[in-house]
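Next up, some structures in structure tokens.
In what follows, chain A forms one complex with chain B and a second complex with chain C.
Right, the complex of A and B next:
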């Protein structure tokens, strides 16, 4: 606190504000909306944000390292669609999964390689690979937009699993969040992500393997996308590849940014993802209960994202000294 | 000559390696890759698809191309300004809807619909521009979000009003003409695209706002420091892009007479890919409208061609993804490594076997034998001077020399303690000569031939000669004018040492050893410059013979002196008068006894002579070793040599101590003294010549005693 008694803005960080808004929104919805506070609805909220949250975890790791992964949704949908297509065409489960896993890791490696070693801005690389992954799988590997899960397959069973009446993906989200928390906070490689995101040149100068770490982040993000895709297929019993053209990608960025993970890198953590996911989950659920049409929901989300980016621009102004050429 | 050396001489002297580097210095190589891609794309799809080049088919595809080109032009301008605009697709769609709404639902005129379209585009462009220009948000994410926002808005509007548009009975001939008609065989969309492209091109290349955009894209900070309003410029690029997208939207509204959920879908990634494939650089500053248009044709031909070849859903995205990734990677790698590649391939050494020479070592007993006389010379301007390449004295005994700082300094007679800057030229003055009326003529390194009047007015005489037909880089420009002398008729003969390197890269030229030195003449009567001789290894000093009918010039890297005849039976030809000297000759000047003084800037070494027979080794050396570990001519020892009219060596002076005059680039005899300069030295030396004529001066020798 300073002498004249202005409020200390530093203690009022974005995460706190968003958390407060989420609580207020929750309270308002609980009072104002019938059926919101119902346990089933609460479970639905948590369930709906768990896939989003898992994707946002992968995105968070990339963003903290001063990157972005626009190919996440394409990888998520297309890898699982290909997997299911392989199963439906009679390939043994183990072999099919090995193929898909190899494909996913290959795309992650490609992303990382182009960003780290070819110095191409992440945003273009992932935009291009996302487009490529969708186009290639859709035109060459699968025959229709939606691919169903085969009868009695473990993915289908996964969707039905409950523990304490709570769907299994909530626990998977929680478990992944905890693992990512440990990784980011307590492992050497996790700390490297922050250093590299804060100032890549300085990180490189003190001997951190910046480039291999970059590749690792994109591989992790691709892997997380595969997990999220499997969970989506589990709960819907099929995967619809049209999701790639939806606004899901921007919802992921929205969760990460609105939770307080600065797009300029080096800031934020798993807690920010949880807060962001909570706010978006409550918001989406409330809008659905009020019966706002999907198109208007998109408009509202876009407006919120725009606001979040403007606020982010003020809170984390771009550093001209460490900004790269072509970093637009 | 051994077989190996013969092979080497064929390989390195006959294969024109140096052309690769020269081609790479050209800016048009930037356009070559997209142009080849364009030709390849058109060729492949033209041959795969029957009737691709038929007029009707072209009519249809060019209409779409016109609309798309408008978008790409806008995107190009934004990218040149260092930004990116992903919202063009949704602006396109919304403008299309505005036109449709005004025309079909409000049933207003087509022109009002056009106005509504443009207003929509400008509004959205202004929002983007305000957020990115003034708020300095990230262009990519901001326009991505305005894209989603616009798209969501468009989806709502289209679903709400689709039925009303269907039911509307509004028609207009103007609308039909814009949508379907042609004018001189081209559709309105193509005309619009062409006109906009021409205007934009002219604006970018020839107007102040256009230059500002390029400057901001090239370097934001420098543009700001230069006083350009960076934020407003960035703002304007987005407004312009919005305007372009709205024109495209209006045209498609006319063509389709409506708007559907698919309008403008995926256009942003197509436009982005087109601009990048065409060679517009990410990060700004490099690119042109033409490049954007080339990219637009490539992308549209590819995507349409694939559809017509019957490939399924998703193929477009796949191809766009590959094209974008490849083009962006090439762009980034090329920008980063262009200079590196150029440095690697530019130096293209040739094979040369130097002739055996006599020793210049003290005690060797040869005419070239260097002694220690110059080490006893007095010094002038010690520590005040940097790089007096040439020295000269006027009729009043004042001493002039050029310096590294781009000045001609004058030391006052008789003691040469006081000095002043005689004239500031800006480049490094090398060779000096006085003409008949007392003007000081100077070859200024990398600039040209200059004249300084006694009243200190600096005038450029010549900076270029005529270009040779086979040159790739512009060899009309004088890259390394080195020394000059003046014939009795007033014509100025001067040398341009190399066409391949600038003056400060003389060491690279010695390593490459390619014969590109020239002898030129400037005629003060009509101001013309002509190339007399070409193809010498670093032409250097020039000196009129005492009788004024021929001149001597030095060929440094070949250690030769030639005589060029101005008159007589051999007029216009050159003959070698001294060959295989042990030192590298520099300037040549007259001596009082009817002989000539010649400076040696350095001495041949067996190791460098050997390396001249191994061009491959020198090539590897320049690529793999840092510059200070290169093998190049020894310039730690030099000297002054006197030779007679027939090329016989009379005597040689040196500084074996290496303290006062290790290398010598010029010397001038004046009233019994020899004034000695060196381009890397910090002084001018004054050496008393025993037995020299104490009244002989150079101006009198050239132009007679003052009347």
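Right, the complex of A and C next:
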């Protein structure tokens, strides 16, 4: 930064580039698209990326610790589908919720255990557990893709909650982002995640409990997925497990990575997730207003991601350390 | 004497058998021929996924009939994955127990064309259900999506009324599925005849409810005076409904969609005002059409791939006003019936 607060372009990293693209897009849309700058539309933008952002927060914590959680979307959809199925079959709410919480905890623990203690690469573990969760719940526990929320249930009421005319999921996203920020920035275990992500062996040598912390991250990610699932069901009054087959998982990784959280671990934070989510939200909203067909939307999204990565490659060439360790 | 007695006995036997003979002649040859042609034949349904109402309904009605004539009915569940569906068809054709009739719910116009040709070459009749494809199947059973789109547009125009803003919004499925493309074409045909009605936005939902909600929110934000929205499938129209609810435009925006006529998916939502009109498929009748054409093909003796029949299901836009107790079928009841067996 120089005196007037402009970032020095040499110190620009991917987060800065993406933030700049987001600002430019925002300005262009605000000028060029009628109704874009309307407060209600801005709220709609934030809301449209709230669930995505919440999932990306969970993913960010795992990635910073040099891992990845590909089971997030499966956990999100299937835990809530199972919960609603239990409710629809007449089980008391408390008991049903306890079952689902236990299930989510178990999958988080299984992910963490296999990565931390069995030393299986995270990408394989979570790919497998994600498929397992989907397959097991879909075939054994629920009878249909779409499970409706029982009428008058608190999940339905949650979806209707507004504060200052802003949907509740925006506040939950903001609240979770703040909690994750505090955790990563100011707690000892939060700081340890960076050490462990940057250099696990060194972190272990200086006495950081690397393995238990790894387990904790996957459990956190699983719980965050449950929250995201509940919010989805709250808004739509049902959950459709078909979402597991969608590109949502890649969008989550996209939000985290495009915001500048390196897949090699040890870098980034909540701010990166917010920047990534902002770009995706503005982009999708503007493209919907212009009425661009979905095929082209995906193309534009991919082109912008590719552009950000290429520019990042020029400005921040890979150093010796990443070259040796490699990304995941 | 002995000869006379023998002769009389023979005459008596002849007389009795003469009485019996007409009852032999009264035996209807139909059932035997029917049974001989059908018994032990295999029918396989490969929908886009088994997890949604239409597929479960088809499977229920087909199984009932196939079991009754002594055949084997099987399903495969590709779970919305096109490759998995292709694999299922390939396996079915090459297995020892090759199905005699393959019923395919094609995900798009082209993906399975080659495989279906292979199936016909192997001697399997191919039926397309619900989604048309660029392939001359032995029979297509399903909606005329163009006509269905016209019905939707007519319902939307009626729902808007003559004194409305006359602005319509569409939430399309995608740009690959024939049901989405033809529905759009049908809607546009009606709008050509009603030039004062305009489509102000036509985003895709990619059949996903969350996407449908987000694009509908934006659409309503940009055009708060939209009088009707047509969402191309009830599977994601819950998202458009949520957006209308959130924008506090319930009762002002007339939501039209289409679906399989399942009770919780369609009729309940018409009843509570979530949907203004639903163009519903008469599932029992559609399944009945499939059963009839299967029985015909298996008895016809004509080789697979030589006929080309279109059997369109009669469609109708249903609103709350003409909702009847039998307008919908109940998936839960069908499942309970299946479980009771």
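Following the convention adopted for this analysis, the second predicted complex is superposed on the first by the 285 of 328 C-alpha atoms of A that agree within 3 Å, B and C clash if a C-alpha of one lies under 4 Å from a C-alpha of the other, contacts with A are read in each partner's own complex, and residues count from 1 in each chain.
Assume contacts are C-beta pairs under 8 Å (C-beta built on N, C-alpha and C of every residue); 3 or more make two chains touch, one makes a residue touch a chain.
Here the structure is a predicted model, which is why all the values come from computation and not from measurement.
Touch criterion met: A:148 reaches chain C, while chain B stays clear of it. Of the two partner chains, chain C is the only one touched by A:235; chain B is not. In the superposition on chain A, A:138 makes contact with both chain B and chain C. When both complexes are overlaid on chain A, the residue A:303 reaches chain B alone and has no touch with chain C.
Contacts of A:289 after superposition on the shared chain: chain C is touched, whereas chain B is not. In the superposition on chain A, contact of A:200 is made with neither chain B nor chain C.
By the touch criterion defined above, A:246 reaches chain C but does not reach chain B.
Taken together, the two complexes place residues 138, 295 of chain A in contact with chain B and also with chain C.
Contacts from chain A toward chain C in the complex involve residues 34-35, 38, 40-41, 44, 47-48, 51, 138, 143-146, 148, 159-160, 167, 232, 235-238, 240-243, 245-246, 284-285, 288-289, 291, 293-295. Within the complex formed with chain A, the chain B residues making contact are 82-84, 131, 135-142, 144-146, 148-149, 151-153, 155-156, 159, 220-221, 269, 272, 276, 282-283, 311-322, 324-325, 328-329, 332-333, 336. Of all residues in chain C, only 49, 51-53, 56, 79-81, 174-175, 201-204, 206-210, 213-215, 217-219, 221-222, 235, 238-239, 242, 245-246, 264-265, 331, 335 touch chain A in the complex they form. Partner chain B is touched in their complex by these residues of chain A: 68, 114, 118-121, 123-125, 127-140, 247, 250, 253, 263, 295-296, 298-299, 301-303, 305-306, 309-310, 313, 317-318, 320, 325-328.
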